[in-house]
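These are the structures in question, set out in turn.
Paired with subunit B in one complex and with subunit C in the other, subunit A is shared by the two complexes that follow.
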Partner chain A sequence: MLFSYLLVSGITTGALYALIALGIVIVNKASGVINFAHGELLMVAGFVAWTLHVGLQLPYGVALLGTVAIGFAVGVLTDRIAFRPLANADLVSLVLATVGLSFILKGTARLIWGGKADYLSFPPLTQAEPILLGPLMIIPQQLVVTAGALAVMIAFAAFFRLTTAGKMMQATADNAKAAKLVGIRTDRVYMMAFAVGSLIAAAAAVLMAPLTLLYPDMGFLLFVKGFAAAVVGGLTSLPGAVLGGILVGVVESLAGGYIHSSAMEVAPFLVIMAVLIVRPTGLLDFAKVRRV
Partner chain B sequence: MLAVQHLKVAYGPTEVLRDVSFDVPEGKIVALLGGNGSGKTTVLNALTGLVRPRAGSVRLKGEECAGKRPDEIIRAGIAQVPQGRDVWPSMTVAENLELGAVTRRDRAAIAEDLEAVYDLFPQLREKRKRRAGSLSGGEQQMVAIGRALMTRPRCLLMDEPSAGLAPAVVGDMVDAVLELNRRNLTILIVEQNVGVAAAVAEYAHVLQNGEIAVSGPADGLLDDPAVLRSYLGR
Partner chain C sequence: MRLNSFASAMVGTLLLAVAPAAAADAPGVTADKIRIGSFGALTGPGYLYGKLVMNGVEIVFDEVNAKGGVHGRKLELVREDDRCDPAGAIGAVKKLIYQDQVFALIGGGCSNATFAAREEVEKSKVPLLVFASVHDGITTPPAPNIFSTATTSTIESYAQLEFALKRGAKRIAVVSMRDSWGRARYEPLMAAFKSKGVKPVADEEVSPDANDTTAQVLRLKAANADAVIVLLYPKPAAVFLRDSAKLAFKPIMIGQTGIADPAAFEEQVGVPGGTANFYTISMVRYTPDDPAVDKWRKAIEAKFPGDRLSVFNLFGVGSAQVLVEALKNAGPDLTREKLIAALASIKNFETDTHGGPITCSEADHRCHKSPAWIRKEPGGPTKVLDVTPVSLN
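Coming up: the complex of A and B.
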């Protein structure tokens, strides 16, 4: 019973880590940059969702759509303000710009949503009573979150496979020079990558909010988990990011249940080390040279 | 068709092209030759807007292209087949070709052009669902050419289409270039391989140290031992 409970809750958090990892991977694929502000984008989106849902009493679905739209806009804006002016600078400057952005977002969140010690809670979406499915004990909330994460992933895969915008992003990631030579505006593609990455962070935040408390410093830890998942998956592979997320979530949950709750924070790094020893390029990344 | 005048390109303080002027007459194949580092690829990149020229003009049928963005130049009618085949390896052949038409909205004509590319390179029709990265070097070169054709260019720039190809395939590439020209396409071809240049081009320009050193009809120029020795290291 304990195992199945830990497994299900591990998959749930893993699905959220997978979403965070997807956002990191999509930005990295397009631009070669690891966005160190990804966790802060998530945190801000969590607060925005709280304002819409708790503050303005909008229904959860509306708050979700609103937050996702605002997340997209924040991505566009950060590209314009922080990254576009650095388009011809080296990669290190861009990475530092993301670090700077993370501080700005954290400061802004403190200004708007209160001091450091404020932990805002998000109301649960469903009843708290667990459902028993044979040997599995499932909390309805987890089911909603996992289904939501899955829906976002499917929408995301469809975007890449079926839309011209998605294909333009794929082409730019594959070979930016060739993309320019057919007339793809690669500067717009990079903006799109930041915007979509930020949008996914927002979706993850809204799904996660009912399971956790919101505070301005929550971003970095979530970024680390997502980054771990992305590295495990190979940093440029979207399916790898999903697999890595689930793996990190499950290992973390099992470590917390069977060893000690303090082991939860260490577990993702043990996963990274183990994977990198066995497959230095990540689980699903084949023969690609890493840029950062 | 394409008139390049006093083109200058510099990377920082380093002048790569000092003063390049030449014409590509409508319906002709013109070769641009030169040793390593003579600036051949830079000329093409300046023509397609990948690098911004410091001075000079590039006119396509009178329309000024110098200083414009690549997408604007592509809409004007200049397309480049990059060196080293630069296909998008993780995408299928069909996706590579279809994205070539990303600047266009004329759906019916795009479908016609796709058929024309498949007629020109029947292997690509058979392998249209395969990932481009899994094709042979010659087939990837076909994808790169087909993708450039999908922009519906008036003037096609080809950067060493024979480089890295097996000798048996180079002949096919020469045939493809001649066939495109028969279909009324004006072509500027950059080559290291003098044999390929001589086989396709009517005129040739030889680039040295960022300037056009000699020009003339390809037949005389590329048979001249003095030219081959002084400029092309033969």
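Coming up: the complex of A and C.
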């Protein structure tokens, strides 16, 4: 019975890590930059969701849509203000810009929401008690969050496969020069990558908020977990990011349940190290594995 | 006649010259003023244990000054921000002692910061009365010049176990952080378990930044714990109580002064009924809305417009009353040595706020050993339940 509880809990947390990882991978695929401000984008989105749902008393669904829209806009602004001016700069400058942005976002959050309380609480999505189905314990709250995360992933996959913007993003990621030659505005694609990455962070924040608490320093730890998941998946593989996220979540949960709670923080990173030793390019990044 | 007048004038002049000179022997003391320094967080989330407690100290000083001061000297409070940071606390006490030349100190909000400043204060021999920091290392082993009116972590840990046993708990578990704050409570708690011949049924760890404690709750649930001693900061504690509610785990939850405001904590947990079984320790025996502290409520509202009386103000009120009592007992020829001796001699002194009488001694500078238990009923007011006097002997 304990195994099923821990597995479901791990999958829920892992699905959220997977969303964070997806955002990191999208930006990395398009621009070659790891966005160190990704955790802070998520944090700001969490506070925006709190303002809409708790502050303005809007229904959860409306808060979700509003936050995702604002997340998209923040992504566009991020590209315009922080990255577009550095388009021709070297990689180190771009990475430093993301670090700088993370501090700006954290400071802004402290300025706007910092004085309200140490931590802000987002109401749970459902008050229902756990449901026992034989040996399986279903926690309604986790079920809703997991379903939400899956819906975001499916919508994202559809965007990539079915829309012109998605196909242009894929083409640019595969070969930016060739994409430019066939007339794709790669600068717009980069902007779209930041915007979509930020949008997914916003969706993850709205889904995660009812499970945890909101505070300005929450972003970095979540970024580390999402980044670890992205690395396991190969850093440029979208399905790999999803797999990596779920792996990190499940390992964390099972280690906490079967070894000891003190093992929760370190166990996923041990697994990641093991994965990277066996497959240095990540679990699903087959393209880079070359026999010599 | 002329000679007599001249002699009288000379004696008078000499007396006038000698009186301030005697007072000036003690830094921070003049004929009409005693300068007292205070350090703690004035900014950031730790301001609850710093700025608000200092506000409580200041209203006591105002009351004393309005009545003519202590032996004719008015009390002046000089504040320094330590930002809840160890390096900040060392800098703050150095500034107060050497630059502002204060006579004595009353302060110490965040435990780790105050603990870091201990060495500097001890070296300076300036008397310090700690008003909020609970770290055992601040007063144990005792520094000759440092006393505390805060319930220390050992006292609280013993009180937590005592409370669980008094409530009839048979299967007591522990959930703790293992940073320096957590260890300062965890180790004495384990000693308390040992001294009572009780073994915890589960012993779980939560990181200060935890966003999910499902695994810990499941392990505690599997151990069938009927009481959980919570050695966590408010944030991980709120996550833990949320997850407990989510998993329908409803034992008695026993907190400590790290979670001193049950109303704010109920909001942070944010799950209706999530704190129904939560009890915590307060250093003071009144909640801010109790009529017994009306006088102090009015004083806070008058002195700091826009502020509402909080338990943290009440920590400061009680602590300042102890300092004032010691200053009175030290006599008009004030020296730091006399104040230290007076603090060590405080016996069964009842403040307007603390859970029990304040008693210090040469050997034990933990002067407050009567933590009060408080609980907020869901949707109702916070109530003080009882006081647990702790004997560590």
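Operating definition for what follows: the second predicted complex is superposed on the first by the 282 of 292 C-alpha atoms of A that agree within 3 Å, B and C clash if a C-alpha of one lies under 4 Å from a C-alpha of the other, contacts with A are read in each partner's own complex, and residues count from 1 in each chain.
Note that a residue touches a chain if its C-beta (ideal position, glycine included) is under 8 Å from a C-beta of that chain, and two chains touch if they have at least 3 such contacts.
Keep in mind that this is a model prediction, so the values were computed, not measured.
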First, second, both or neither for A:Pro124, with subunit B first and subunit C second: second
Dominant toucher of subunit A (residue count), subunit B or subunit C: C
First (subunit B), second (subunit C), both or neither touched by A:Asn175: first
Partner chain(s) touched by A:Ile184 [first = subunit B, second = subunit C, both, neither]: first
Touched partner set for A:Val33, first subunit B, second subunit C, both or neither: neither
Touching partner for A:Leu211 - first (subunit B), second (subunit C), both, neither: second
Residues of subunit A that lie at the interface with subunit B and also at the interface with subunit C: none
In the complex, subunit B residues that touch subunit A: 48, 50, 69-71, 74-75, 79-80, 82, 86-91, 95, 99-103, 144, 147-148, 150-151
Subunit B contact footprint on subunit A (complex, rising order): 164, 167-168, 170-171, 174-175, 177-185
Residue numbers on subunit A that touch subunit C, as the complex places them: 2, 5-6, 9, 13, 117-124, 127, 129-130, 137, 139, 141-142, 208, 211-213, 215, 217-218, 221-222, 252-253, 255-257, 260-262, 264-265
Residues of subunit C defined as touching subunit A within the complex: 45, 178, 204-207, 209, 211-212, 214-216, 218-219, 222, 234-235, 238-239, 242, 246-248, 264, 267-272
